[in-house]
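Have a look at these structures, which come just after this line.
The following pair of complexes shares a single chain, chain A, combined with chain B in the former and chain C in the latter.
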Partner chain A sequence: MKKVKLGKTYKLFVLPILICFFAFNTFPLINAVVYSLTDSRGFGDFNWVGFQNYFDMFKDSRILNSYLFTFKFAITATIIVNVISICLAVLLNSKIKGKSFFRGLYFLPNILGGLVVGYVFNFFFTFILPSFGKLIGNEFLSTSLLSNESTAWFAIIICTAWQAIAFNTIIYISGLQTIPGDVYEAAAIDGAGPWQKFWHISFPLIAPFFTINMVLCMKNFLMAFDQIVAMTGGGPNSSTESISYLIYKTGLSGSQFGYQCANSVIYFIVIVLISVFQMKFLNKREVQL
Partner chain B sequence: MATIKKKIKNKGNIAVWGRTLLLILLALTIVFPLYMTVIIAFKQPTEMTNDVSGALALPRHFSFQNFIQAIQTTDFFHTIGNSLFITIVTLIVVVIFHSMAAYAIGRKMNKHKSFNFLYLYFISGMFVPFSMLMLPLVKETSIIGIDNKLGLIILYTVFFFPMNLLLYTGYLKNIPLALEEAAYVDGATTWTTFWKVIFPLLKPMHATVIVLTALSVWNDVMTPLVILSGGSGKDTTLPLAQLLFQTQFGTNYNLAFASYLLALVPILILYLFAQKQIINGVVNGSVK
Partner chain C sequence: MANLSLSHVNKVYDNGFEAVKDFNLEIEDKEFIIFVGPSGCGKSTTLRMIAGLEDISSGELKIDGKVMNDVEPKDRDIAMVFQNYALYPHMTVFDNMAFGLKLRKLPKEEIKEKVVHAAKILDLEHLLDRKPSALSGGQRQRVAMGRAIVRNPKVFLMDEPLSNLDAKLRVQMRQEISKLHRQLGTTIIYVTHDQTEAMTLGTRIVVMKDGVVQQIDTPYNLYNKPKNMFVAGFIGSPQMNLLDATCKVKDDEAYLEVGNNKINLPKEKSEKLIKENYADKKIVMGIRPEDIYDRESLESDVDKVMLHAKVSDMEMLGAETFLYFDINGNSITARVDPKTTIKTGDTAEIALDIHKIHLFDKETSKTIIN
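Take a look at the complex of A and B:
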């Protein structure tokens, strides 16, 4: 093959974005790694401390708790969101009246800002649900779920799921639409019921969409921030501090700049590992029609 | 025979209506938080008694007093102006520069190692969480003096590039090279070929990119929160204002909800008119 010369215009096309990308993505990334080896407070002088920050991190119960919370939150939310989304997608894709109206309505939560939605749910959990609990005489619901260390995380999941289900459902619907109708007809002739049709046809064939949703869900939930700010501010008693929130809170105003940079480096590695693992693992079970 | 067919049809009809009814009931979970927001936003604090009905019953009269107060408290027109400015400029920059760069990379990555490397380099940016860049970025932007609207636009242009690069290069594969070759034969330069031939052909992908970028930029809180923290607050965006004025709302939830509703209304109106385009954009963006 003849080697074609790379035209100057092509280089010029890439140059502006390359400069910006390096300056505001790669450069701060390198900076984070460099700062993670110092005791910088974000301003003034600092000393090199080697890997001390990384050693300290593993003994820091607040950081360990934030990882524990973030994983518990992300895994539970991913499962709940995907199970509900698949059911909803099957329902919305079946024969119903007002199909496009329902699709539009069920997608609505996804376009709203996470922070404001968080504030609305905050009010719901703080005032509406407890007064409803008192009305029906339920002890458990009479106090705010958000003020209780053992339930606050679940209240955040409900709020997050409300928005995420909208997105995942629409992706699953577009997956279900790729399956040709005659596959179901063939299965019906073979005597397959609705349950078998779902497990043996729909579910394997929407596997690529399942992969997309699992990876995106997990990634988004591991980065949870808006809902935490709006609903609990990390409380009660630091029980709902996500990793992002902790880095923001203590790294910017808590004079732990260098230390939280070390945290963010580990956080980055964790996200990369999980994403790569998920894609490898989930790609395996995808089938082609 | 006819009766059996009719029976089957009836049974099918019942199932259709049953499922529709179920969907209506489930939709209450979507509608309820929105209903709550609207109702509380129109009420007066005196109407908010401590029981469920106090918060959820219809207001005695619909007054816009809360909204007028919320507009003044949060400087609504100023913040929505900022949000509109940031979103629109970002979209223009993104569509022009991202499609340009994606075109060059998409067309040349198979023949040139350096462009293949660039492709992988940019795409791997998708894995970098903002939380990791945020601490160094706060310093960097304030040193350069772009801890303002301009800085936000530059950062969004950088952060959304990996995703948009993937979308544009994926779409480019479907555009036959013959078109460009024909343009070259006619003596067109790469520059004019891109703008006259390729850029218009990318239109469906532009729509997807615009929808995805616009939704993320418009609703983003984290980036303005950390980047603008050193500024005077004159660049505050609409969602960020909800966070910053949270303390000023105090226990006046009606005022707070009026402000939340104001923050939600622009995107709700847009969704009402461009629902199909928005849904298509989001689906194309994640499935492709």
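Take a look at the complex of A and C:
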């Protein structure tokens, strides 16, 4: 067999990824930074405006509202998803019948597209749930949750969580499986009940997995887009307008290309800072096994 | 400090596998009981049933007269040392040892006092702030012991606690466990597959095979008066030589035929064979390697049978030498003085001490006479 030099193999594997990463990630990012310094509408001529877009952003109430919504949404969804995922993972890691079947079942939402899930939930909240509400005579449920400014964001969270829990649960299950069984047995003999076993043994030992899930969840939810497109389109009355959705909507079809590029750049920095902060903070409580 | 009783205990798994069959044992206070046997013999399962980590399928477990079958592990007042130590990796040595006491809501001062006391016994005082990952195998093992000691339990259960240590450390820890038993005066049940550990530590040993107890006895009796061929072969290293033989009777005296060799027996063994009608029957003859002598180490007052055999191999271990002979297709081992002049390939004259011969029924494997 012909021997391939390590250098050649290395380049063969790394170069395509490097080129793609640069073409579809780094180049657009640089482009966005450049356009953020212009008054480009996304087409035609444009003028250099320096940092004016950045100054204007901080006075824009629509952007401020979208930040408030996005953070409220991301923090709530991250907490809900992680709490439910840990509970499910503990259940699916215990001695129950049909464990593999349930693990497969709970993973199912993860293989569906975000838009598809969004449209299904849109149908559910618009037609099925109100019909059910009317049937049981519940006034609150009789109208679509998506049509109400105060409930629409939570309906999106329900849809997002339903899908995100699948992947998070799998990560937590794999974390729980790294804990040797005899540690639990030692804890049982030491006098720990189920809750104490979870709180004193399982939870500290899955800390690295908790960090991964928290960072990924927060990052994903801060970039919420698919569900919002499919469920509310940012409404009612812009109450569910996430930053990503706002950038897309007003940047590409609202002639604010340069302005929203500035928004993208700031948002990119915000997400990086949050992720780094989370990693640093959560890493502190991780245990190297 | 406790008495423990297991009567007619069985363990049957959901798939129908019987791991432990009709286990009966009475353990007195302060005894050091060893469960020994080959892998899969049910010794760990029995220990785990005592700990409450496995359900007892049938039978009764009593600690200090109280039936414990359905009592939670934490309420049995036992402590267990696991094969892989099972330390809590995210806790310091102090917290590992204090965990059980904290769960029992003992005052902080008392917890500290107990942990420090146990650490002193085990020479762990300087390691109390370390995490298990920063400890050596021997130190981890001692922390696992410490975790058990601080609880001051009625019974200590140890599941092959030394099997992950290297040979030198194992000898050291064996002595420490023995010292600890004397110091604490607690009942200890110890599982091992290492017969040296079993023989050196135990006040009584339970030999198991395929879930069935083969013999429960003192180390001396197990070695010198095995109840069957399995115990005879399992206890002792190198193991007892077991040779197929035919019992012959002539002039009211029984003797053995091993291939072309005739082996005379002492009076009591001969009488036993005749009395139990073994004449012309196949039996198994057992003799320990140290009861076979070469010419140099043979003492004149030994009642012996002389045999000629070719040395197929030899192993010099320093304090002793093992000679491997071939007698009519049977391989036998002799433990002789390292100064022996016999070499591999020699045909040597060897002597069997006839008083030390053990006789076993070939069909039932049970001992006829030791």
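As a working rule, the second predicted complex is superposed on the first by the 265 of 289 C-alpha atoms of A that agree within 3 Å, B and C clash if a C-alpha of one lies under 4 Å from a C-alpha of the other, contacts with A are read in each partner's own complex, and residues count from 1 in each chain.
Please note the rule applied: contacts are C-beta pairs under 8 Å (C-beta built on N, C-alpha and C of every residue); 3 or more make two chains touch, one makes a residue touch a chain.
Only a predicted model underlies this, so the values are computations on that prediction, with no experimental measurement involved.
A simple residue count on chain A separates chain B from chain C, and the partner touching more is B. Touch criterion not met for A:Leu68: it reaches neither chain B nor chain C. Of the two partner chains placed around the shared chain by superposition, chain B is the only one that A:Leu115 touches, whereas chain C remains out of contact.
Legend: residue contacts after superposition of the two complexes on their common chain; A:Lys11 is shown touching chain B, with no touch to chain C.
Look at A:Ser94: by the touch rule set out above, it reaches chain B but stays clear of chain C. Once the two complexes are overlaid on the shared chain, A:Tyr248 sits against chain B while remaining clear of chain C.
In the superposed pair of complexes, A:Ile171 makes contact with chain B only, with no contact to chain C. Shared-chain residue A:Ile19: touches no atom of chain B or chain C. In the superposition on chain A, A:His200 contacts chain C only, with no contact to chain B.
Overlap of the chain B and chain C contact sets on chain A: empty, with no shared residue.
Partner chain A is touched in their complex by these residues of chain B: 12, 15-17, 19-20, 22-23, 26-27, 29-31, 33-34, 36-37, 40, 50-52, 55-56, 97-98, 100-101, 103-105, 107-108, 111-112, 114-115, 118, 122, 125, 127-140, 154-155, 157-159, 161, 189-191, 194, 215, 218-219, 221-222, 225-226, 229, 239, 242-243, 246, 253, 256-257, 260, 263-264, 267-268, 271, 275, 278-279, 282-283, 286-287. Every residue of chain C that touches chain A in the complex is listed here, in rising order: 51-53, 72-74, 78-80, 82-84, 86-90, 99-100, 103-104, 131, 133, 147, 151.
Across the complex, chain A meets chain C through its residues 180, 182-183, 185-192, 196, 200-201, 204-205, 207, 287-289. Residue ranges on chain A touching chain B, taken from their complex, read 3-4, 6-7, 9-11, 13-14, 16-18, 20-21, 24-25, 27-29, 31-32, 35, 42, 88, 91-92, 94-98, 102-117, 119-121, 123-124, 127-128, 131-132, 134-135, 162, 166-167, 170-171, 174-175, 209, 212, 216, 222-223, 225-226, 229-230, 243-244, 247-248, 251-252, 257, 260-261, 264-265, 267-268, 271-272, 275.
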